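This is the structure I want to talk about, given as structure tokens.
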Amino acid sequence: MPLPPEFHAIAKRVNNWGRWGERDEVGTLNLITDAVVREAAATVLTGRRVPLAVPLRQRGIQTGLIPGRVNPLHTMLSVNQQYAPESVATSDDAVTMGLQAGTHWDALPHVSHGGRIYNGRPADSVTAQTRAAYSGIEKARHVVSRGVLLDVARTRSVDRLEPGHAVTPEDLEAAEAMGAVAVGPGDIVLVRTGHMQHYLAGDRRAYGNSSPGLSIRTPEWFHARDVAAVADDTLCFEVFPPEIEGLWLPVHALHLVEMGMMQGQNWNLEELSAACAEEQRYAFLLTATPEPFEGGVGAPVAPVAVL
Amino acid sequence: MPLPPEFHAIAKRVNNWGRWGERDEVGTLNLITDAVVREAAATVLTGRRVPLAVPLRQRGIQTGLIPGRVNPLHTMLSVNQQYAPESVATSDDAVTMGLQAGTHWDALPHVSHGGRIYNGRPADSVTAQTRAAYSGIEKARHVVSRGVLLDVARTRSVDRLEPGHAVTPEDLEAAEAMGAVAVGPGDIVLVRTGHMQHYLAGDRRAYGNSSPGLSIRTPEWFHARDVAAVADDTLCFEVFPPEIEGLWLPVHALHLVEMGMMQGQNWNLEELSAACAEEQRYAFLLTATPEPFEGGVGAPVAPVAVL
Amino acid sequence: MPLPPEFHAIAKRVNNWGRWGERDEVGTLNLITDAVVREAAATVLTGRRVPLAVPLRQRGIQTGLIPGRVNPLHTMLSVNQQYAPESVATSDDAVTMGLQAGTHWDALPHVSHGGRIYNGRPADSVTAQTRAAYSGIEKARHVVSRGVLLDVARTRSVDRLEPGHAVTPEDLEAAEAMGAVAVGPGDIVLVRTGHMQHYLAGDRRAYGNSSPGLSIRTPEWFHARDVAAVADDTLCFEVFPPEIEGLWLPVHALHLVEMGMMQGQNWNLEELSAACAEEQRYAFLLTATPEPFEGGVGAPVAPVAVL
Amino acid sequence: MPLPPEFHAIAKRVNNWGRWGERDEVGTLNLITDAVVREAAATVLTGRRVPLAVPLRQRGIQTGLIPGRVNPLHTMLSVNQQYAPESVATSDDAVTMGLQAGTHWDALPHVSHGGRIYNGRPADSVTAQTRAAYSGIEKARHVVSRGVLLDVARTRSVDRLEPGHAVTPEDLEAAEAMGAVAVGPGDIVLVRTGHMQHYLAGDRRAYGNSSPGLSIRTPEWFHARDVAAVADDTLCFEVFPPEIEGLWLPVHALHLVEMGMMQGQNWNLEELSAACAEEQRYAFLLTATPEPFEGGVGAPVAPVAVL
């Protein structure tokens, strides 16, 4: 169906086209200023590091629902190959994978609507031969900022949110209150639903099917706070099935196209949840630079929170 | 040829097997303690961020010399695909690549000698079907520490070192002096030869052929300083052709097998060199977590220096 | 479990090692003489052609049971790319796939037992870096001979054999009688179980799970007839689960290792079954040359029967 | 530049759109009737088989000139993997490759001009997500017919034609006369330039650069004879550089788009040349069914001539 009026109304309110100039390709990453990074570094108190990526493997997150988004096929090119007898031997490996198969960032041109991607550029600037001419994932260059965990599951005292639970601005604010933290400009917000537990327990299908995720009402909240990027622990990122029947991926369209804000999916926030609860603080240094595939509409990332 | 006595003599002096227990799989990464990370965070003064990865693309660093280590073949799985008329459209992509094709870390089992990998484990624990059973790259989990740039080219007042120039401990100490920095336990050392300029200028063959790189004498120096990891801006990492005729990859064997120390190759240190010179300081927060391929003997990484 | 005495007894009776010389790499393909090919051509009466390969696609035969044997990931490298305005435009494509994912031949070194492959060569002549040094699929060069369809399902007046049905020599002889055809030296035998109907009907799981297939008693029959190769319409080729508990893939080992006889899997024999029934003849010219991957232990093939 | 008037004049004369109905997807393959196949089978006199594919390997035909058309990256998924001690062991492999990297057929939608592919269908029916909706290579189903070798190099008493030599209708007719053969309806014509010798001798660059090939004048000749398909022993198929400056791939456009006739490239005709000369006959049974990639714009093929 055509995008409904309520979508367009929100789109108008959160639109960032032109905000950083006509030629801008990175959107809300502009909000990560040197000052923000300095403050982020100042959050490091214990030096504890928590990885947020799920290991990459063939029995990974994908179950075949999204055509072509294949789990890593990781093979050895050589095994202990010697160049001469009794010499040093080397082993090499290679991979084939969907760039959005595991823990990843969506680049801004991952989504279009009305023939447009972020900053009003034509959607057909993405082609099979050139990939993304604008806002490819390699343009992100460095993603280091203050990270804030909004632990919605913990705030609600549940192991994990139910499939279909739409995380609202009220949920986010309750999590802020629980964590005694205030989301601000340039922050990268990590929203924990707990849904990743299904995958970690080996139930790939439960993970991939319907899931909790962000409500269509949250982009305005992120926009008001001038957040730099958002990631969560689900496959779809936003709630699935969608809140408005037939309206697919509205949060994707609002974040990526209208706001120019990258989204992270399939982040493992379980260990981080425990660490933040233990240390009683929910802000930290977050480092999450995507692999710089030229023209990529997404890329794997190995994020680390440093507390 | 069999590994010569001088190799074995050095190997004995730098060997770390058992140092962190029989079951250890990460070697010198153990040296990155919480305290080291806190100090690393304290080096952030301006908040300036410098990416150190070269973009991933088909006309990338590999030129076919290393069988199977292919540059990324990056293709679109879909382009602005709509699920319904006038709806949101998505684009997806996928890649096939050698895990060591671009800016990467070598995992410890990338190299073996005498049938052994790090910590004395059998080399045949690496197989086509399981890949690396021990010390796979996913075991690194988080690589965040203090980074130190030893800018050998700048110290010698040359644009770049000549091919065949073996970087010695004396070179490293001169660079320390120039940078007014002292390498210490847990540091990740970045050695700049300037050789990456060839690649950046589009001369892939000049980059890939003979090159400057680390001397067989440097592992002892890194060992003495208790360095956590070392990376440089060349394809081979160590000087090529080798210093001792017929002795291939001795530095690889000493670092990866004996010391259990990861190595980074094809790092772009040009922008960082300029930044450090400008800010007159050569230590910074370095974040460089590899993509966590299970059992990987190497993995791409998108490192960032935060000054 | 170790291979049981009954296996070894059969192995001894069907073994062809040395039969075509110590250096032979193609085994029973030697039985396809020029005379056999001339006779095969003489079977062409109507000129009707029947393709026997299933189309290659991502939602193909594999369901993830066999690690790494991935269905084709087929992507466009370019779409209507013009080199100049208003000029001719080209589209290119690429694929990643398991070589045994669709309709394929197993090469002789696909299987080993007791450390040996066909003709007594060491199993460790297959390595990650060299692949198969002996009897790689490219050695088959040309596979054109008389094909004989043994339509076991039709002979038994069923749509398809039940899962677990072990096709016996008696089944094969009944099918010969039904088809008024006698299998002889150099023939390529196609054994139809009808099991492919599950896949063609879209039930990939029913196809991939337990299935009918050849009994451990059939290799002796093929050996006695001096058959050149055998193919059928199942994933496993031989009956699955196996007839002797814990004895995996005995027919594979007897055919590939002992006899040096290639096996074909996932062949679509449905249209051929109808054609043979209609024309009341079960012998034809069969052309089935595998794609010549150097050192391949299997390869896709697009076989065609010419009646 | 826009396609010149001489191109359009030829296009008008050879156009087959609608000839086999509006819904036709296979063009001149319609000319291979059952009768043609029966006659093809009757050409088999000695039973000698000659393979025409070059082996598939990483150091194959491609040298990087055509973006993404990568040589096979062929890796082992497992090597002698046992499921239980002392049991049967299996080895599996996988590949990533450009579908036009080695010996292949171009499917009809490989080329478009003026926004059209064969039979007037829109060029934009080829997309990244669906690939070719019409005339994909899987539609060829079975390619078996009479093959005719037109050995232009031998006719001219040279080892091979010079780069830039445009093979003309007169060349083709001289080769017919030399071979005492007349090309007729449904034939698959193999044009030998001898250029493949460069590749076979290991000079991949000489093979890939400028080459002999078909003249823009030949499509009319093939059209007049009602040929079903044409293949040759070069990378570009048609003469390169082109005969009319700035007019790229006119023969491709005439064959694929206007006539609906598949083209074969990188066929090794050296052994066949010797066999035909020895047997003094240039017609034979040719079997050349492409791998049936759904929606493929090209596909590898392992052709065999049966004499």
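Note that the chains are named A, B, C and D in the order they appear, and that numbering of residues resets to 1 at the start of each chain.
What we mean here is this: a residue touches a chain if its C-beta (ideal position, glycine included) is under 8 Å from a C-beta of that chain, and two chains touch if they have at least 3 such contacts.
Each chain and its UniProt protein: A, B, C, D = Cyclase family protein.
From a predicted model like this one, the values you see are computed outputs, not experimental measurements.
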Neighbours of chain C that also touch chain B are A, D
C-D versus A-C: which has more C-beta pairs touching?
C-D
If you average the CA atoms of chain C and of chain D, how far apart do the two points sit, in angstrom?
26
Between chain C and chain A, distance of the C-alpha-averaged centres to the nearest whole Å
45
Multi-chain contacts in chain C: which residues touch at least two other chains?
67-68, 70, 73, 75-79, 94, 96, 127-129
Which residues of chain B touch chain D in their complex?
58-59, 64, 67-68, 70, 73, 75-79, 81, 96, 127-129
Applying the document's contact rule, which stretches of chain B touch chain A when the two form their complex?
1-3, 33-38, 41-42, 44-51, 53-57, 66-70, 72, 74-80, 83-100, 109-114, 123-124, 126-128, 131-132, 138, 141-144, 246-250, 252-253, 285, 287, 289-298, 300-304, 306
